[in-house]
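So that you can tell them apart, the chains are marked A, B, C and D in the order they are listed, and the count of residues begins at 1 in each.
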Amino acid sequence: MSAETLRSALFWVFATLSLSLAWSVVGNRRLLRAAVALMGVLGCSAAFYALLGFGFLAGIQILVYVGGIVVLLVFLVMLTRTQALLEDEPTPWRHKVGVVAAVGFFVVNLWALASLPDAAVQGPVLGGDTRAIGRALLDAGPQGYVLPFEAVSVLLLAALVGGIAVARKVDVAALPPAEANHG
Amino acid sequence: MPTLALPELLVLATALLVLVADLFVDDTGRKRLLPIALVGVVGALVALVALVPDSGELLGGRFAMDPLGWWFKLALLVAAAGVLCLAQPAWQGQGTVDATLPNRGEFLAILLFNLAGMLLVPSARDAVTFYLALETATMPLFLLVAWRRDAVGAEAALKYFVVGALASALLLYGLGWLYGLTGTLDLALMAARLPTTPAAYLAMGLVLGGLGFKLTLAPLHTWAPQVYTGAPLPVAAWLGTASKAAAVAALAVVLYRVAGPHAAAWTPAVALLAALTMTVGNLGAVVQTNVLRLLAFSAVSQAGYLLVGLCGATRDGAAAVTYYLVVYVVTNLGAFAAAAVVHHHTGSQELSAFRGLSRRHPLLALAMMLALFGLAGIPPLGGFTGKFLLFSVAAQAELHWLVAVAAVNSTVSLYYYLRIVRQMYIEPADAAAPQTPTAFLPGVALAVATVGGVVLGVVPWFYETVRVAAARWP
Amino acid sequence: MSYAASAIVQHAWVIPALPLLSFLAVGLLVRPFSTRWAGGVAAASVALSAALSWWLAFDYLQFASPPGPLPTLLPWQTEWLRFQEGLRIDAGTLLDPASVLLVVVVTTVSALVHLYSLAYMDGEAGYGRYFAILNLFTFSMLGLVLAPNLVQMFVCWELVGASSFFLIGFWFDRPAAVAASKKAFVVTRFADLGFLVAILLLGHAAFDVRQQLGAAAGDLQALDFAFLGRSDVLAALASQAPVLGGMTALTLGCLLLFMGGAGKSAMFPLHIWLPDAMEGPTPVSALIHAATMVVAGVYLVARALPLFAAADGALTVVLLVGTFTALFAAAIACTQDDLKRVLAFSTLSQLGYMMLALGTCDGGDPTGHSAALFHLFTHAFFKALLFLGAGAVLHAAHTGDVWHLGGLRKPMPLTHALFLLATLAIAGIWPLSGFFSKDEILAAALHGGHPLVFTVGLGVAGLTAFYMARVYLLTFWGQPRREATAHAHEAPLTMVLPMGALAVLAAVAGFVPVSRWVALPGAAVHTGIDWAVAVPTTVVALVGFAAAGWLYAGDLGRSEAAAARLGRLYRALRHKFWIDEVYLWVTRKLIFRLVAAPIAWFDRMVVDGSMHGVGVLTRLAGAGVQAAQTGQAQAYAAWALTGVALVVGLLWAAARAG
Amino acid sequence: MAELLHAGGSGLHAWLLVTSALFSLGIYGLLTRRNAVGILLSLELCLNAAAVQFAVFNALRAPGRVDGAVMALFVVAVAAAEVVVGMALFVLLYSQRRTVDVTELTGDGRDSAGGPP
């Protein structure tokens, strides 16, 4: 079994796994299970990154993204209690709209895909990307991404500060809005 | 030179200052944070006008200023200053309970962070910066809409969030396709390498769709009415002015910088979208009884007019769009400021709150009327000149049907703008209506917006300068 | 002394600038402090403007060597917008015979109306506001008249419409006034749409021509009247490829321009706003809805006459619409009861005359052009006088219904005399002004090869005499039919004086050789009286008078006297109605039922109805848009996806098509 | 479809097939989930698909540089910010309405009285 065949086989294994987990994310009646399935999908994506030769990206994916989902889960449990963790079946109408939209999007993508020449991975660069990505992020020259790096820090700061301000526990209903900020 | 990014840096510094200061002051001090933020924004505005050249590069070309970008930033900073002015009574808890804003420093900080993201949009030269600037220009808005933390605002914000997140995911996917098709994230290189395959249509469609959400192009506008009414009024004004300006800047980047060489291919699509958007916006506005819903739909139709100028990707079009954008921001700011003042007095967003306003507050009513006439495009206000320029771009592109549709729409729009004028000037005044004087800063904003709307239309210097800038635009 | 040495010719911009300054001063500074001063300042500024415009006319005409044509001057011009070289929009003052004529008319009538309003509007709540807007109107109208290009004309055109909107709705506590102001604004704005699209269309067509001409175009810009009037430009425009339905941009542009002009000048079927506009104060009706603003459409067509003449069939449309409106409005005027409404329909009819005159130029003979401007000139004076007279009646009797008036000649002798003079003038009785100008129009129709139009015009002349005599007799003769009418008194001097001035003008304006001054090259200039026209029109007018006299003078007075003597008012009223049966049979059965009623029905059901229908449709469609606002987050998301799909599809379709 | 699969086990077409399918599934979930948290999960699916797509294009179409990988990295950060914003809104909504079921949120500003209930 050549490395190429192995990579191909691994790809198909993870692709199958990823898609079936994704199906569970959008279809499972239990939200908790859907969230766990999303962790699985993100894990599969980490494997994809590794297959493509981006080991650093795979590591980040597992550490940050999958870790982030744990936070999401904690919030989820705090927030919606046991009752709301159960999801109803979508009504036939919603189901139809969803299927049409999803299938439509997929078909259009296939159509676009057909116009693109196929290509194969040129060869594994596993492990060689860490330094390259790090350099790109901190390079202040024409090849670097220091500006978006700063932008994303502003974005995260704004999201965190604003998120906390909006979500902090205050019983607004009990106070006139003018004084609500004292609580 | 670092001065090139001085406005952005000043805005960020003010945001951080406000955020930190908020930790150390009591409620009285907190009320002073808004003037501080305003000083920061005005400082950035002064810096832009006085110090920043209208072209140059930083970071090896990753951050660039160009002549039209300069005008976009001017519009954004003007919008920010105006919104901060009209937020003053709400911020200080004056007026009716309904119209107050929980005054936390975070509000100002997030607004300024948001502004910094918007300012970055016209300077982006690669897809990564472009995407992150757009996200920074969008995501804080979801939180600002919910800032009053009541049920109405939360519901509006959630819907805004769902549609907005979907739009940004589609935009991202489209950028991914562009990357795949061209093998680069550099926007200029993308333009050079963009093929004309179905994949390219998909990519451009996704990107335009994602941006169309921000610019409220029909049918991606459906979120707007509820969000405008659910949000605190200053935030609605922010959405109606700055957010639109950032979206136009982004659209100009995509259509001119990336897809400019293929203008012939996308012009019919943009023209149809423009016609659809202005028609849907106008028809929606006709039946409204809530002023903010009316202004929301009016903003939708204005987005349609703006899109008219992009047809054909000509320099005249770029000049017309930029000029009309500045006019639109100033004029709409006037309308929102008047709506905000009335909202403060009466706590109502209904049309009937404007009853007999001309007798209670003649100057306020006059300002509102001039703003509405400006939006309707009555000469000699800037709205007329701008629309005239936009329509003539379409005529130049041989899109006679679009000119006709736009002209019909601008006539229909008069119908609902006159409904507000009617309330102000014709309906008898409500005896119970309060006679509160207009607060200082909103008054300043109103005066500047009103005078600006007239001056922009009458003094040729502005359009001339924009046109010269467009001629030098790469 | 040359034009260059004439201060007023070089600085003609002062004439519109004065009312503008006064508008700003009165609106912002004076009004809050003193309403009395507001009126005074406003009237003084316009009076000064009028004096300057007479000086301008004097200086301008003084240099006319009798056989040579008067020059076209552009003493002041400044750049306003620059799209690109060749498509620059300037602001400036264009002086030619037509614009000088109009400047004199506008400032003179405006000044007299300002003076009249000082007393008429005394005690009204919005006294200062009224004068400020009247000033704004005067400025805009002068800017329109002096415009050297289509865009300046359009901008002022819109401003004129806006000030008219405010003045019609001046009494905003009267629902009818509010409805009328909105109707006027919306209808004229709808028509202005055509004007705007025409500017864009003609602008680009002319710009292409200008590019072809290259250096030969000089500094003229594509939208300048001077450029659009050049024969090489017109020939190039006429030979352009059709843009829509086989029409060239020139033809389509002219038809759209005419749509704008027809809206402002209330041509059928866009006339519906003008009768309702009488809800505004009467001096406003005199100034805006009789003498000045409503002639803007005529002025536009006259200005753009070279374009119309070069365009296929455009002038035929003008001719047909003008002729029809003249007849149709005159017929309706015979059936109206309200004094001001009769005058409004009369205005419609006279505007139809002017359009008709312009339309007769389609044979290549531009005689109708000078006839139209001549009639515009005389009509401004006698129609303004009629309105001010009606205003004096309203002021005294508090009603405009002719069936409630009567016998006013005794308490209001001056008003009566002036009104009679104006009635004779409009009916075309020698030697009053209407005689000369109307005859020139009819002569243009007759000699221009339009015998049918001439016949209709003749009929309209008879109808004009009839309905004017009718309202005149019912208002001033017989006995007062209402208590309030009986206690009427003569108007104050500040109201009578302007009327007197207008009466002088209405009497002598016919002797002013206007048509010789404004004649286009190639126009046949009439000297003396054209007996082939003068005799029939005078006969027809006398017949009209006789018919009206027979109907309204004799029996009516006798019956009123009998009613007073016998105290049997009810029977006397019946008796009067018996006379009216004849009138009813003649008018309602014959004219009204056969001509006016179908028109009124059409007006009500189709014109009004369609406006109404458009409103309903718009609201329905609006409800449709509203229905998309389901409130469901995911419905919004689905719409967003539809939008993206639409964009992708459009891009693909466009690529396919391209 | 068949030739796409035969075009090579892990060729470009196969990769994009997977990312498109993931994105499409995300769209389905976004339109059908009633619980707002479920919608958020679906959105994460979409963003993740887009990030993988960038990495795929980087490896297969522009292998000389790491632009796509950097973009994927930034997408992770943006997704995190989106989760924070989304959760904040859900917590607020839950405290106000005691539900995060989006089908129960049908007001469209018509109840524009504003203010707290």
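Please note the rule applied: contacts are C-beta pairs under 8 Å (C-beta built on N, C-alpha and C of every residue); 3 or more make two chains touch, one makes a residue touch a chain.
Here the structure is a predicted model, which means the values were calculated and not measured.
The chain pair B-D and the chain pair C-D differ in C-beta contact count, and the higher one is B-D. Here the CA centre of chain B is 26 Å from the CA centre of chain D. The centroid of the Cα atoms in chain C and the matching centroid in chain D are 63 Å apart. Averaging C-alpha coordinates per chain places the centre of chain A 69 Å away from that of chain C.
Rounded to a whole number, the gap between the C-alpha centres of chain A and chain D is 7 angstrom.
Those residues of chain C in touch with two or more other chains are numbered 629, 631, 633-634, 637-638, 641, 645, 648.
Multi-chain contact residues of chain A (touching two or more other chains) are listed as 94, 97, 101, 105, 108-109, 113-114, 116, 143, 145, 148, 152, 155, 159, 162-164, 166, 172, 177. Counting partner chains per residue, chain D shows two or more touched chains at residues 16, 23, 26-27, 30-32, 39, 56, 58, 61, 67, 70, 74, 78, 81-82, 85, 88-90, 92, 96, 102, 105, 107-108, 115-117. If touching chains are joined by edges, the resulting network of the protein chains shown connects every chain directly with every other.
Remark: chain A residues 4-5, 7-9, 11-12, 15, 18-19, 22-23, 25-27, 31, 34-35, 38, 41-42, 45, 48-49, 51-54, 56-57, 60-61, 64-65, 68-69, 71-72, 75-76, 79-80, 84, 87-88, 90, 94-95, 97-99, 101-103, 105-106, 109-110, 113-114, 116-122, 125, 129, 132-133, 136-137, 143, 145, 148, 152, 155-156, 159-160, 162-164, 166-167, 169, 171-173, 177 touch chain D in the complex. In the complex of the two chains, the chain B residues touching chain A come out as 12, 19, 27, 59-63, 93, 97-98, 100, 102-104, 106-107, 109-110, 113-114, 116-117, 120, 126, 128-129, 131-133, 135-136, 139-140, 143-144, 146-150, 177, 180-181, 197-199, 201-203.
Chain D meets chain B in the complex at residues 16, 23, 26-27, 30, 36, 39, 43, 46-47, 49-50, 53-54, 56-58, 61-62, 67-68, 70-71, 74-75, 78, 81-82, 85-86, 88-90, 92-93, 96-97, 102, 105, 107-117.
For chain C in complex with chain D, the residues that touch the partner chain are 629-634, 637-638, 641. Against chain A, in their complex, chain D makes its touches with residues 1, 4, 7-18, 20-29, 31-35, 37-38, 40-42, 44-45, 48, 51-52, 55-56, 58-61, 63, 65-67, 69-70, 72-74, 76-85, 87-92, 94-96, 99-101, 115-117.
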